[in-house]
Amino acid sequence: MSTPADVKAAWIAEEEAIRKNYSKPGTADRETIGRYDGLGFLHAMLRGELPYPPIMDAMNFCLLQAEKGRIVFQGSPQFGHYNPIGSIHGGWYCTILDSALGCAVHSTLPRGKGYTTLELKVNLIRALTESSGPVRAEGRIIHSGGQTGVAEATLFDSAGKLFASATTTCLIFDIPQYS
Amino acid sequence: MSTPADVKAAWIAEEEAIRKNYSKPGTADRETIGRYDGLGFLHAMLRGELPYPPIMDAMNFCLLQAEKGRIVFQGSPQFGHYNPIGSIHGGWYCTILDSALGCAVHSTLPRGKGYTTLELKVNLIRALTESSGPVRAEGRIIHSGGQTGVAEATLFDSAGKLFASATTTCLIFDIPQYS
Amino acid sequence: MSTPADVKAAWIAEEEAIRKNYSKPGTADRETIGRYDGLGFLHAMLRGELPYPPIMDAMNFCLLQAEKGRIVFQGSPQFGHYNPIGSIHGGWYCTILDSALGCAVHSTLPRGKGYTTLELKVNLIRALTESSGPVRAEGRIIHSGGQTGVAEATLFDSAGKLFASATTTCLIFDIPQYS
Amino acid sequence: MSTPADVKAAWIAEEEAIRKNYSKPGTADRETIGRYDGLGFLHAMLRGELPYPPIMDAMNFCLLQAEKGRIVFQGSPQFGHYNPIGSIHGGWYCTILDSALGCAVHSTLPRGKGYTTLELKVNLIRALTESSGPVRAEGRIIHSGGQTGVAEATLFDSAGKLFASATTTCLIFDIPQYS
């Protein structure tokens, strides 16, 4: 049976392996995005064919797994993410959770469809410190329709401790020249 | 009458003047926090007597103004805050708004009381790019009671364009040795 | 100067006057809705040209005022709206606030546009009892765009005491044959 | 294998059986509430030893199942719950979901602890009509701590179609004389 320390070691190893494939920070233009369906876009990022989003460096997390309707990001908050009162800023939770939520919606979209996040709500359940990581944000689709997507996400560590949960509403639209 | 360019120049000048007073990034321990009421803590940070929160460097924003129940943060999102699809990541909005919301609650607390954010909800209204800044997050208290605080915030630029709005619920508690 | 009792009496009188104009409970079909712009639809309801929504009887509140981007509902929760632990059920707050939020968005729409509520978040700030009324839910538009609307609302009594606040995201769409 | 019609018939039969046990609408005072732990309170209501909340009549739903951390309400929206544009008012969704969320938290509390809902957020996913019922709101605990509880809920019909999802934050407190 795997101990919590085993799980933590496996999580760290998985992140290291994935990070080796990553390209460099950057953004994709609308034409490039339009060539992929949502899941294909995320897989191209995981394989290093597309740049990874710059925010991943600022917040020290990365996309780890992507399947249709289920996404995992992993990261470790650092000293640079502290709020003034000695715990990790709520914005770090929001950023990794927003990534998991948005990509959960994106992963369900066919070629020619794009999305934008209309709103997210985050429940902060436990304090994170710079020694809490690695933690995972897992996003799951709840509803993917013609005009809107709804997803939920949780943030937890390798011992299964829950740090936050979140939900989002996304607008789904046609990317004109590709739909 | 002041033109939008005048307002933008004034905003930039105000941020530069405030940043000159700032100390270095860091966090305050519970004993230090316990010496101040909420507004006094924020003013001590503005005067450079206390360190400023490290997240402010990662996200390129700073606390600009603090009065009881009303807080202004200002910042400029950068390339390092982009998401993969070419606009500023929702996490940047959430981080500056969470700061404004939390400090709006903090600013109403007497000495011996602390707070923690239970949840926040953010509506993303317009896309930010690396040329949108400076933008301001203004937080305002809605309710400050014995056990909970509720605040709202908006994110807008010097032309008055609205980029996001947000609300929060905070838990208010005694800091044992000081209450 | 008006005392709180004066304000309360004026609120009750205003509701009585408005209720005299109301027609009967019912709903409007898409064709009827398509004949009005959003504000015109609400004014037709206030004048009794259109039926009022049946939920207003179940929850004992009514639309009181409608201008572009600002809506007031007024009502009085009753014994029939209690939860099992002796205060008014959160659902009563949500229902009157959802009405104010949705109509604030509706009031900004031109003829040929409809809306649907995607999500709302409600902060419950103080307990209501069957003797708290009348209370008002005032909705205000924050953003009205081509595809989405964002609004906020507060619930308060004639002494200005705040009971709840709320925000919503609505989807705006064409009503095909009228746009 | 059970068809959707079988499931629907079973749901209706389960509600009829439970409703036979119900007492009358009413509320419990703090002393009565203090005699039970959370789950015991809900079970006493299901057995008819305690009155059921009056809001259940106004909204035509009832508590159906209660176990620790998992709650099911069932109901059927009616003509009296319509909004002016011909679908069931968002307030109906909010009310049944708020019940499921609050009771999910309540079901985890020991004797001497009470709770109050601080906020809820509801995503409305599909339109309900007066012929959609019966639908179920299932609430599940996410976090139950010393001071706060977080729960999630979904609203779905007997064919598994999803109509809404929701999350809540509750404040947990001591009921003074019983804790």
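In order of appearance the chains are A, B, C and D, and numbering begins at 1 in each one.
Throughout what follows, a contact is a pair of C-beta atoms (placed from the backbone, for glycine too) under 8 Å apart; a residue touches a chain by one contact, two chains touch by 3 or more.
This one's a predicted model, so the numbers in the text were calculated from it and none came from an experiment.
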item	value
Chain whose Cα centroid lies at the greatest distance from that of subunit C	A
Between subunit C and subunit D, centroid-to-centroid distance (C-alpha), Å	24
Averaged-CA centre spacing for the pair subunit C and subunit B, given as whole angstrom	32
Mean-CA-position distance for subunit D and subunit B (Å)	37
Residues within subunit A bordering two or more other chains	118-119, 121, 123, 169
Graph class of chain-chain contacts, one of line, ring, star, complete, other	complete
Touch list for subunit B against partner subunit C, complex	121, 123, 125, 142-143, 145, 150, 152, 154, 162, 165, 167, 169
Subunit C to subunit A touching residues, read off their complex	118-119, 121, 147-148, 169, 171, 173
Parts of subunit C lying in touch with subunit D, wherever the complex brings them together	25, 27-30, 33, 41, 45, 50-55, 57-59, 79-86, 89-92, 94-96, 98-99, 102, 114, 116-124, 127
